[in-house]
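Each structure below is given as structure tokens.
Both complexes below contain chain A, partnered by chain B and then by chain C.
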Partner chain A sequence: MTLQPLMDGLVNGSIIGLGAIGVTLTYSILRFANFAHGELLSWGAYLALTVSAALGALLPGLGTPIGPFSFGWSVPIAMIASMFLTGLVALTVDWLLFGRLRNAGSAQIILVMSSFGAALALRNLLEFIYTSSPAYFTTALQISRPVLPGLRATPDQLLVLVLAVVMVVAVHLLLTRSAAGRSMRAVSENPALASLAGIDTRAVIRMVWMLGAALAAVGGIMSGVVVQIRPTMGLDLLLPLFAASILGGIGSVPGAMLAGLMVGLAEAFTVQIIGAEWRAAVSFVILVAMLLLRPQGIFGKAAA
Partner chain B sequence: MIDLLSYGAFFLTMALTYAVICLGLNLQWGQTGLFNVGVAGFVAVGAYVSSILTTPAIDGRLGGFDLPIVIGWLGGGLGAGFLCFLLGALTLRLRSDYLAIATFGAAVVIQLALLNLEGITGGPFGIGFIPRPFGTLAEQPGLFAAANLAVLIVLVLVCYLALQHLTRSPWGRVLRALREDEEAAKALGKDPVTYRLQAFAIGGFVMGLGGAAQAHFIGFIAPDNYLPTLTFQVWTMLIVGGSGNMRGAILGAILVWAIWALSGSLVASVFPPDQQARAASLQIVLIGVALCLVLLLRPYGILGEAGTLRAPLRRALRRTPNSLSEGQKTNV
Partner chain C sequence: MTPDILRLKTLHAGYQPDLPIINGIDLTVRQGEFVVLLGPNGAGKSTLVKAIAGLVPIHSGLVFLKEENITHLPAHMKLHSGMTFVPQTENIFTQMSIRENLQISAQILPKQLRAERIEAMFAMFPDLAKRPSTRAGALSGGQRQMLAVARALITDPKLLILDEPSAGLSPMLVDEVFARISMINQTGITILLVEQNVRVGLNVASRGVILVEGKVAHDAPSDELKGDPVVAELYLGGGSEETAQ
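Coming up: the complex of A and B.
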């Protein structure tokens, strides 16, 4: 028994946490479980891959690795671009599909179902464009270095952890300290009252998509840097995302991040103790346990 | 000519196995409004339970009980129905989309179990030599295909009549009342969780039955047959045919299976072999878009819900501004 699963779990948990923040925001503000959110992680990763490859071709200097990391400046620049582009993807889907259903007064469950259709279309579109074979940001190999006794990590993994903490603190401050965040929370509490108070609900909805998609893009890119990029990566992450957002309590950003880390750690230790083939079942077990014992989640309010 | 006829029989038999699954989903969604994202998982449970019960004994795998096919089918249905009952009991008292998330998770775990529990499911290679109905007729392909088709027609008819009877009974009226206005139905003393749980479990039974019939018709099963694409196909069938309408479910199954099979053979003939996997993914994109379009443009499908006032009522409401659905939205 070593401490190594701790590092793997924290890294994967950060990725799950960033995705779960988007799920929890769409769930609490737009009021439906978005089955297409996993695809935003995949799209974020592929969009960044495309931008970074284009940058690398134009300015070969950007491809040389920065310091101890496996990638050059093209990847961070591509990440910024991809956060924005993935936001545009989410806004386009909302404009084409979810927004129209909302305006038609469709039941919440119709939105859930349409997100399921959108997920299939988005995922298979990626598979059509990029084929199903895995892709990588760089082919450079990284050697993991000891961080603590019995615990090794690559510089990329440590960067993922730091970046995840920075993103969560930024989102938390945005939601609690800014006017935009206040209006988002108001719509989440009571949409009718919020729009009576003069809050532009449509602007809030746009913000939710941009924010959720940007975080998903970062999560997808992180997963691409430390593992690989595949069209099905979002589908594989979907159940952990839902488990984390329910475990953390719907609507709670710190809850989603913390729960994401817990899901990641539980998966890593399951791989260590039981075997890698059962990894995907961990989220389901957590989900069932939460629904049985505390459906409102750790940080959720009782009558959620 | 014989070839064409037997291909027609094969195609129709396959479509009818989907029709059975679709009828089960229609009870869960069309009549009760429960969103099941794990259809593939419940179909797989039906197929595997039935196969384990009816195949001859084999080394290295549980089962091979060599039981009659009818018992296998009933067992498959009961297995899937029981699983639906458990998931429903877990989530139906919570928010409506928790059921969706839980069924999605269940399908993921069932897929894992099929792959990893080699002692029970045969692992990635699945189970072969599943006995076919009228296996003794296999020498005469025409007669064999016709007999199989007849079995499926009878099965679809039985399911259709039974479900039609159920939904027209007072029990079915309570389901629709709960779907349309839960508060009003509760005020009349109907407990939503009990009724929904019953509908979800019975729907699961029918789905499992369809899965079992399909396994016995194909003759071998493997985990790859039960990927999320299956869930999606069945959903498209129901939505296209008209959710809430049992005849719509059957029509949708045949229609969508025909489109699927035709576009599949089109892909196979137009694209070079190395590009076929890519082209197949485009096929799914198009059907995903089609599902969203139906939800946007014709939410009640081709046939719509029969025998109730729902569709005409909704149409009338949509014409008046500040309709009822607007009022409901702010209450949520």
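Coming up: the complex of A and C.
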């Protein structure tokens, strides 16, 4: 057995972790499992692809690869734009669907079921606009280099790992050290008391959508850079996202990231040890095992 | 004459429009007063203060804070108007530290005032200042009530509304909590208190309002209510003014 699945698992786990942070934040504040969250990864990737292509057409110099990486400056610029645009997509869905259901006092299960509908609509809209053919930020080939004995990685893969760590630290600091983060944690714990404490819960909800969608966009772009972009990429990641958010403990940002890495590693080693056909089953097994054995997750607190 | 700080005009409120709990309440609280809302279980005391705070829908009627109509102002904006409400339970953020609980409400203040107000609360409640990084969920019942009151006072409100702050506390702690509330009132902050125990409520407040079935049944100075034979018979277990001391 080689150590190579370690790198594959860490890279894939970073993408899962970023998506899982969004799932865990929206769940802890909006109190429903948003099954449309995976689609935000796909939308993030496609929006970045569109912006990157437009920038490349307008300013061809931006397409020239940066140092050892496979992409030019158009991709990082497009990523920043996509984080914002994907946030707007999430806010639009909330305005059209979830917000109306919340205001009508709908039960949690109605919101969950409606998120399935939103996922279908978002995915099919992507397919309608971009077709179902895979797309790429770049077609340039990258040669992996040895980083440790028995472990090789491309510069793009290493960048994905670094970016994931930076994003998690940034979100963790935002939640623990800033007024906006305190407001999010307050609304997550007790929305009524948060209102009495002067917090505009609707503004916090908007902030959470923007943040969760921005992280999903980064995850989708990472996946697009190291693998490819497809309209169904979000659907394929949905089960791992939920497995990671449950495993990490709902509401825990470091927990979601760490659990994302664990799910990614478990998938990669399963492929190596048992066989690729079992990869999809790993997340399902983790999800069921956690719900049965420790539903509060690794970092979550048991209900009183 | 002391100006009014809170005025309720024919207020109807409740969780569902076809099931009103508050049935046309008219009430005025004057600046600096300490008013206690009393009444049997189900009288609508907590619903009334929650409606004033913006947590229960108001179906008709008006709520004025000083001259401002705050009837349909969202709950988070009422703090900006100078009114603050401490619920009976779940009145602190248990997952956050003591300092964070204070920082949350201080967020509406100008930045340069926040640290000063937090230190003022620590000076007022020295027990909280001893370990500001402690998770609020680890505090005792009395300390939790103190933190809830400190969190509410941090914005220097004109009107402080408290829903049964004595609930679940030992008699010794109840005395301490009410002594603190009386001190707060003496600093000039108007208090509207919901209390289940009529005797205790009338002893601490200067005026009592007794609600029955969502309406005001009695509204008079505390001493007068304590001496009222009907009130004594119905709400003080047949006791007299002397037994209410």
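One rule holds for everything that comes next: the second predicted complex is superposed on the first by the 303 of 304 C-alpha atoms of A that agree within 3 Å, B and C clash if a C-alpha of one lies under 4 Å from a C-alpha of the other, contacts with A are read in each partner's own complex, and residues count from 1 in each chain.
Just so we're on the same page, a residue touches a chain if its C-beta (ideal position, glycine included) is under 8 Å from a C-beta of that chain, and two chains touch if they have at least 3 such contacts.
Because the structure is predicted, anything quoted here is derived from the model rather than measured.
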Partner chain(s) touched by A:T201 [first = chain B, second = chain C, both, neither]: second
Which superposed partner A:W278 touches (first chain B, second chain C, both, neither): first
Touching partner for A:G105 - first (chain B), second (chain C), both, neither: first
First, second, both or neither for A:W95, with chain B first and chain C second: neither
Greater residue coverage of chain A in the superposed arrangement, chain B or chain C: B
Partner chain(s) touched by A:E127 [first = chain B, second = chain C, both, neither]: first
Which of chain B and chain C A:L235 touches, first, second, both or neither: first
Partner chain(s) touched by A:L291 [first = chain B, second = chain C, both, neither]: first
Set of chain A residues, in rising order, touched by both chain B and chain C: 192
List of chain B residues in touch with chain A within their complex: 33, 35, 37, 90-91, 94-98, 100-102, 104-106, 108-109, 112, 115-116, 228-229, 232, 235, 239, 277-279, 281-282, 284-285, 287-289, 291-292, 295-296, 299, 323, 325-326, 328-330, 332
Chain B partner contacts - residues on chain A that touch it in the complex: 31-33, 35, 96-97, 100-101, 104-110, 112-114, 116-121, 124-125, 127-128, 131-132, 191-192, 235, 238-239, 242-243, 246, 277-278, 280-281, 283-284, 287-288, 291-292, 295, 304
Footprint of chain A on chain C - complex, ascending: 53-55, 74-76, 79-80, 84-85, 87, 90-96, 100, 103-105, 107-108, 151, 155
Complex contact set, residues of chain A against chain C: 179, 182-183, 185-186, 189-190, 192-201, 301
